[in-house]
Amino acid sequence: MDYTASELMTVNAARQLRDHDVVFVGVGIPNLACNLAHRTHAPELVMIYESGVIGAQPERLPLSIGDPSLVSGALAVCSMFEIFAYYLQRGYVSVGFMGGAQIDQFGNVNATVIGEYAHPKVRLPGSGGSMEIAAFADRCYFITPHQKRRFPARCDFRTSAGFLDGRATRTALGMRGGGPAAVVTDLGLMQPDENGELTLTAVHPGIDPAQAQANTGWPLKLAPALVTTEPPAPSELRILRELDPAGVYLNNAGG
Amino acid sequence: MSKLVSLQAAVAEHVHDGDCVYAAGFTHLIPFAAGHEIIRQGRRDLVLARATPDLIYDQMVAAGCARKLIFSYTGNPGVGSLRVVRQHIEQGKLEWEEYSHFSMIVRLAAGAAGLPFLPMNPTGAGDLERVNPNFRRLPNPYGDGEVVTVPALQPDVAIIHAQRADAAGNCHLWGIIGEQKEAAFAAHRVILTAEEIVSAEVIRSDPNRTLISGLAVTAVCHVPYCAHPSYTQGYYDRDNPFYLEWDRLSSEADTVKAWLDEWVYGVPDRDHYWQKLGPETRARLQVEPRWSEPVNYGKH
Amino acid sequence: MSKLVSLQAAVAEHVHDGDCVYAAGFTHLIPFAAGHEIIRQGRRDLVLARATPDLIYDQMVAAGCARKLIFSYTGNPGVGSLRVVRQHIEQGKLEWEEYSHFSMIVRLAAGAAGLPFLPMNPTGAGDLERVNPNFRRLPNPYGDGEVVTVPALQPDVAIIHAQRADAAGNCHLWGIIGEQKEAAFAAHRVILTAEEIVSAEVIRSDPNRTLISGLAVTAVCHVPYCAHPSYTQGYYDRDNPFYLEWDRLSSEADTVKAWLDEWVYGVPDRDHYWQKLGPETRARLQVEPRWSEPVNYGKH
Amino acid sequence: MDYTASELMTVNAARQLRDHDVVFVGVGIPNLACNLAHRTHAPELVMIYESGVIGAQPERLPLSIGDPSLVSGALAVCSMFEIFAYYLQRGYVSVGFMGGAQIDQFGNVNATVIGEYAHPKVRLPGSGGSMEIAAFADRCYFITPHQKRRFPARCDFRTSAGFLDGRATRTALGMRGGGPAAVVTDLGLMQPDENGELTLTAVHPGIDPAQAQANTGWPLKLAPALVTTEPPAPSELRILRELDPAGVYLNNAGG
């Protein structure tokens, strides 16, 4: 069964999620990944949104994290202060999905500027919730196409913390969150090693690891136990296409 | 005591050149009608504060109302970038002050509580702290570690849109409640717009639903459809095609100017704007009702 | 995921000797049934925290459950003094730690936010700061003056009573909401008791009414009339004659013991207690319904 | 028309209130005084309670500040955190009514202990809301019978701040509230002079100022313009007795 790069990434992202995870979820691919996991191996997964929505049951594909379809039929809606203070900072969030224009060797993210901050070449949207999600969620995931410009050795600006300059430097600051758990790309998976450096731990069927190394801005190490991911199952793809019948998110490059 | 006035009168009296304005609402209940009235009245040098500037501030910046932007995420929600704001910043034509969502809202919470500042736990992402001197550090007086602090934000005027309010400004607001309460209590003046003006008895039938009491409200304006192209939960849907259209037309200064001429300067108020949208758009935004289960307060 | 268990099971599993317990509720929704179950199970050395200890802690102190009291107002609301607590303190038989209402609740808010402390503006009343070393001072990093800080309070277990909840602990709670939300998010474990267990669909019909989501709840217990002699808004009234009667009988140790023997040790659970109150009392506490106006969430 | 000491104090307390005042009100006499003012010269007076109730319209006489009759039909109910932080500390409260066992020469209040704090002779209920009300409300009022034990020169314990050791000492601390405005007793009114010292500014009809001086724990100064209060009007008494027909609060010594 054929699938797009977005479908491949979404299926592999969904497989990262565990039952009973409480996921701080964005729209688009992360939302689809959560719904896929919820309908397959994680029936007790709880989706919460920085807009203050908890336990959403949208009757349509939400087009933003503030979509009204997330509210109708949700278990709870609280203020943004509460979702960030009483849920995220307090420690109720197990998983965060991160976006961002740049992800570096240690999983630090830049969503702020390309170039100098005071005189940016490119002004990006900024942190939104990501600065605190990266610090306080137990595990963080990234879903993005594997392109060199997205994976520099070091970000121009650190909008949110991965392992900073190495796992020990994050640990020393004592944030409650565990930091980046995996980067899901259209070529495979990158995961932090004991030093917090992102290394290639899996490739998708038919992908040459060298292709991933060529599209990464630092000398990408291959994990000793490099594996090949299971191709998306027909059942997974069927559910995904039910969730996004128009292919709003699944029929493009993703990210 | 009735505080009912027209939106024109409320903006004329309570929004001044140079003011810090907080038009509240996270994606939901964004008071576009008030933003357009501020544009029509030609306000200048405003400091526009919003966690998510959204299209309302893209339009106000394009119209020349703003000197500075205070924000935490300057994107077109679910679509992409805010082109006008982005261009003005990249070209050095707009000052800005930047936070994360949490630190932005904590600034409002401190303002609402009448405190000089509030603390947060450190995030390890040092760059925003480095470029914004409003982030400070304090030692934890009870043990190890530090907290990060931000100063109170008390806007000169907050603008809040609600589903229903009485004439004194006691309002029922539901769906995504974002930062509305904190913005209202933080601000020195509050303009409340509402889809419906109801009797105090409706408000009194459910006092726990009152998000903001009239004590914190300066002026009340009856402005149906105030939030279009954003939405009002239970009243009308988000006009997503317009968000996509804005992404296209905001790439060129003259198409932006043409849009402002037609849809802001070219209409006297929100009623005319809503009529001008036409029957198809109005029909597309309708929503079927879905009612809450009532609760019993008891005749105690 | 259902968290439904009996109150006996919840107390047995989640309330341990020496725990810090916060039984929440300002006058309203005080979980007396849980207090009585803790007495029946013979818990000892508890640190009992409540802004207003009320009769529930007077009874738990009388039964010998408590080592220490953390409070901000130790009175019998609308009646007078809490005689047992007062006597134990005056006789040096009970440790105590004292705050104002605001500083007590700010401790919970800090605990709920996962912060080490939160600030307040100084009040000029120096004596409580002098006798309680948990009050500290920090300079205002943004200007003149200082703030007063209190450390986070994160009770081992909070007990919350609500009008209705689903089996996962998502609850609708209305009327006076006191400090329930802050206590629930501050605590390490939460026992939620409810007048009614309802389907998730009832909760989902009004998500803004959900004061505490199931994410913060450890155990859910169906305990009708849990709050007597306090009240549950819309369900039954406050039993004021009992508050007056307690003022009389609590003046003598043996009348207190006799009351505990009859009304706590002498009944297995709240159902039997409620039946034992008799038809006249039960009839006296009934309230006529007064329903809220529903709101429309829309089928978006 | 005859009246009790409580009726006399309640009427004179009500006269201190102004239209549009936002009053942080306790039960009993203060509640009756507010309702009397509301029905006479202050139709826009707003009553709020530390329990989080705003704009109550009770159908019966509330027996505590947490009475359910305060909630049914109120304009708003918020959490205690909000009522203290967003209303009181923020500055929306114009009037607070204070209780307390002792009120001293400068309007400082003791509601905590008689004797030494660690080994109290009498353990009183404690601050409740009074520590912050005294600091942040624009004006504070006291209603209490005129007895020497209630008016010591200095309190055993300062639960809430009046003018501390004189008006300048309070001003130096920069609290937003204005401090004590008047003490209404069964003999007359005491109000702070320019130094913040409570002085006798009015006596009730037929009261000898010497009687107030004899029942005060400090050398009570008589204001240069000492006045005599208007006796309770029949209309005022009629409304009061409608509010408390059983005389729960009006037929005792009050305070």
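Letters are used for the chains, namely A, B, C and D, taken in the order the chains are written, and counting of residues starts over at 1 for each.
In this text, a residue touches a chain if its C-beta (ideal position, glycine included) is under 8 Å from a C-beta of that chain, and two chains touch if they have at least 3 such contacts.
Here the structure is a predicted model, which means the values were calculated and not measured.
Between the chain pairs B-D and A-B, more C-beta pairs are in contact across A-B.
Using CA-based centroids throughout, the chain positioned farthest away from chain A is D. A straight line joining the Cα centres of chain A and chain C is 40 Å long.
If you average the Cα atoms of chain A and of chain B, the two centres end up 28 Å apart.
One finds 36 Å separating the Cα centroids of chain B and chain C. Among all residues of chain B, those that touch two or more other chains are 114-115, 120-121, 145, 174-175, 177, 181, 208, 231, 233, 237, 287, 290, 297-300.
Contacts with at least two other chains are made by residues 53, 67-68, 71-73, 77-78, 85, 89, 136, 176 of chain A.
Residues of chain A that touch chain B in their complex: 27, 50-53, 63-68, 71-73, 77-81, 84-85, 88-89, 108, 112, 117-132, 134-136, 157-161, 164, 170, 173-176. Residues of chain A that touch chain C in their complex: 20, 22, 44, 46, 48, 53-55, 57, 59-60, 67-69, 71-78, 85-87, 89-92, 136, 176. Chain B contributes residues 1, 112-115, 168, 170, 181, 185, 200, 203-204, 207-208, 210, 213-216, 297-300 to its touches with chain D in the complex.
Chain contact summary for the complex, chain B toward chain A: residues 26-28, 51-52, 71-75, 77-78, 81-82, 86, 89-90, 92, 98-103, 105-106, 108-109, 120-128, 131, 144-145, 174-179, 181-182, 231, 233, 237-238, 240, 287, 290. On chain B, the positions that touch chain C within their shared complex are 114-121, 136, 138, 140-143, 145, 147, 149, 151, 163, 172, 174-175, 177, 202, 205-206, 208-209, 231, 233-235, 237, 287-300.
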